[in-house]
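Report on one structure; see the data block that follows.
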């Protein structure tokens, strides 16, 4: 199995609901350094898992929809705690949708699975991985 | 699959038995920077894999049982070389036991698997991963 | 010259005023991974620059005054953009004050200078360094 | 499952064929920082996945066959783009061959799978993982 | 003293002349991960050392003049070994020139010194630092 | 000013004397990841601060005198706590001595200062820097 990984980041404000979160119930924020992995059993005709340039652009575009936002104000997240693991899934879903509409090129539809990791500090991270719908 | 990872470290002395270890047969030591990963297919009601605060406390407590010890003097390790991979398994077993007795909260019993990685330097690491007994 | 460095982090929300900040004028947030360096020409009687355990506790206490805060609501920062470089200076001033009141032990008053670095992502950081008032 | 990982690096020149590569069609180069992981369900009699010293030597020898080369001149790669993912597979195949001929010691034949990751920068990497032929 | 640092990278081919370089006399290449530091005793009216967004753009533009090049073919480097330390100076000179012509904004002319670090692998780096001509 | 940095590591056992050290008074150990920096105002005829290959060998040789040792048994350290900052000075002195006897080549005598940093974990490090005796 081949994997290609690209990295970028985004910075947001949010707060959490629930006693378990302690002081993180207050409005605070985070930098998320994001690793996006594409997995595929074989390479395309040019020797690539995905076009790494386009992968970086798609990641930047997806993170651009979150970057410099107060996630407490995002209608899409109403009723959810935007924990790192929750956000990893959000980014995963948006990347898979981008693959589906061809944003990474037609070859990227051969990508079998994707993993998204959000590093929230030097001591904590969260990720979501799953198969890409309709992967062969 | 969701993953949450927390990092901490411990510092020990030990020596190895066996010619393969060369100069590491002498009493020496190591800093182990530890990554502890919890994996689970879904999130709990609050949007978490585990309570990351409690995860950090449990990891600190488990590593506290090894930190600043000379492992050559630990009865639990008699007859074993305390290699990085062996110690990764030791930490894994103790984390799984902590989950079992509820130290991470009742929700953490839904954790399906755990991975423990010990970084012994900038160029070498070892890990052990396995299912959590009784995971659904 | 000897240096000892300890690392910790804090997570805040804030926004910036001024067109130069572009989308960062919106309420967002950041994780700051903080490196705190103490510099001193000689070691104390026990062979230390500072007691590294106490240094970590003091850093944690100082960052605790910022952690999980919305800096836009802090009276101390009214009229200032809480950029990384500005916050590096804030942490510096509070560390120097802690040295002054003996929180790091009497020996720490021999510390000549301090440097505080705030890493806001994997590609950007800021720092402030200066002499400790009254250093010999 | 146990894993042991060792790290080393190599530096090469190459160019790519295909419009997708944009300016990377020109002769350029890369440093590849390589993580080599060995996976095995149990430990050997001495408590190891593999002899980490020999693992490092074998990795160095394999990378030595690529280090300071212009890959455009390597007959083995004619007709291929030597992308990071392609090179990860090349290193994988050579490590597996080394295991097969006993370069890592007889015990290393119990290694079940190997993963090779090539970090080409602080924001991009690629890997190949697969089973070791004839693993039990 | 305040410092702001931004990171980017470039990838080049080159070879060295001189027996001391051993196999690096062959055509090979490198990824250089670049840290660019700006130092200044005070902040501007908006609380910045430099506009970090513009700093990133200027760094990208300067590295774009080297990225995906075979440095052996660059007339500017004829007769020089393009070692990491030599290239750190090249990047420094071009950044200082960019400051001089106002590419970082008029405020950036208050920058007192600049440091450029090139990381060529996980175990080696080189840097050049100097005052900015005409700094107050 | 030019700087070249090389990295290596060593692993030791030791214990500390003095209540300030708490549990670190017990026999334990550490991995020290070492960054060795050479500083020099100009480059040599081949465009180097020092021959980076020789620098790596000299660092390896110096660390080899400590690696896999129990520092409590080293006569050279009797009566001293072998803290990270103390050991940074030890490595510094031995590197400077190596420069003095020509181990880095005659050109290395132009090195003006040296800095040695010992990373003892992901959250703590210590360093010593000083001029090289007899530097021009």
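The chains carry the letters A, B, C, D, E and F, assigned in the order they are written, with residues numbered from 1 in each.
By our rule, a residue touches a chain if its C-beta (ideal position, glycine included) is under 8 Å from a C-beta of that chain, and two chains touch if they have at least 3 such contacts.
What you see is a predicted model; the values in this text were computed from it and never measured.
Under half of the residue numbers at the interface between copies chain E and chain F are found on both sides, making the touching surfaces mostly different. One rotation lays the C-alpha atoms of chain B on chain E, and its angle is 180 degrees to the nearest 5. Centroids built from CA atoms put chain F at 27 Å from chain C. Put simply, the C-alpha centre of chain B and that of chain C have 31 angstrom between them.
For chain A, residues touching at least two other chains, in rising order: 7, 122-123.
By the touch criterion given at the top, residues 7, 9, 11-14, 23-24, 26-33, 67-70, 120-123 of chain F touch chain B in their complex. Interface of chain B with chain D (complex): residues 16-18, 20-22, 80-86, 88-89, 117, 122-130.
By the touch criterion given at the top, residues 1-8, 43, 46-49, 51-53, 56, 105 of chain C touch chain F in their complex.
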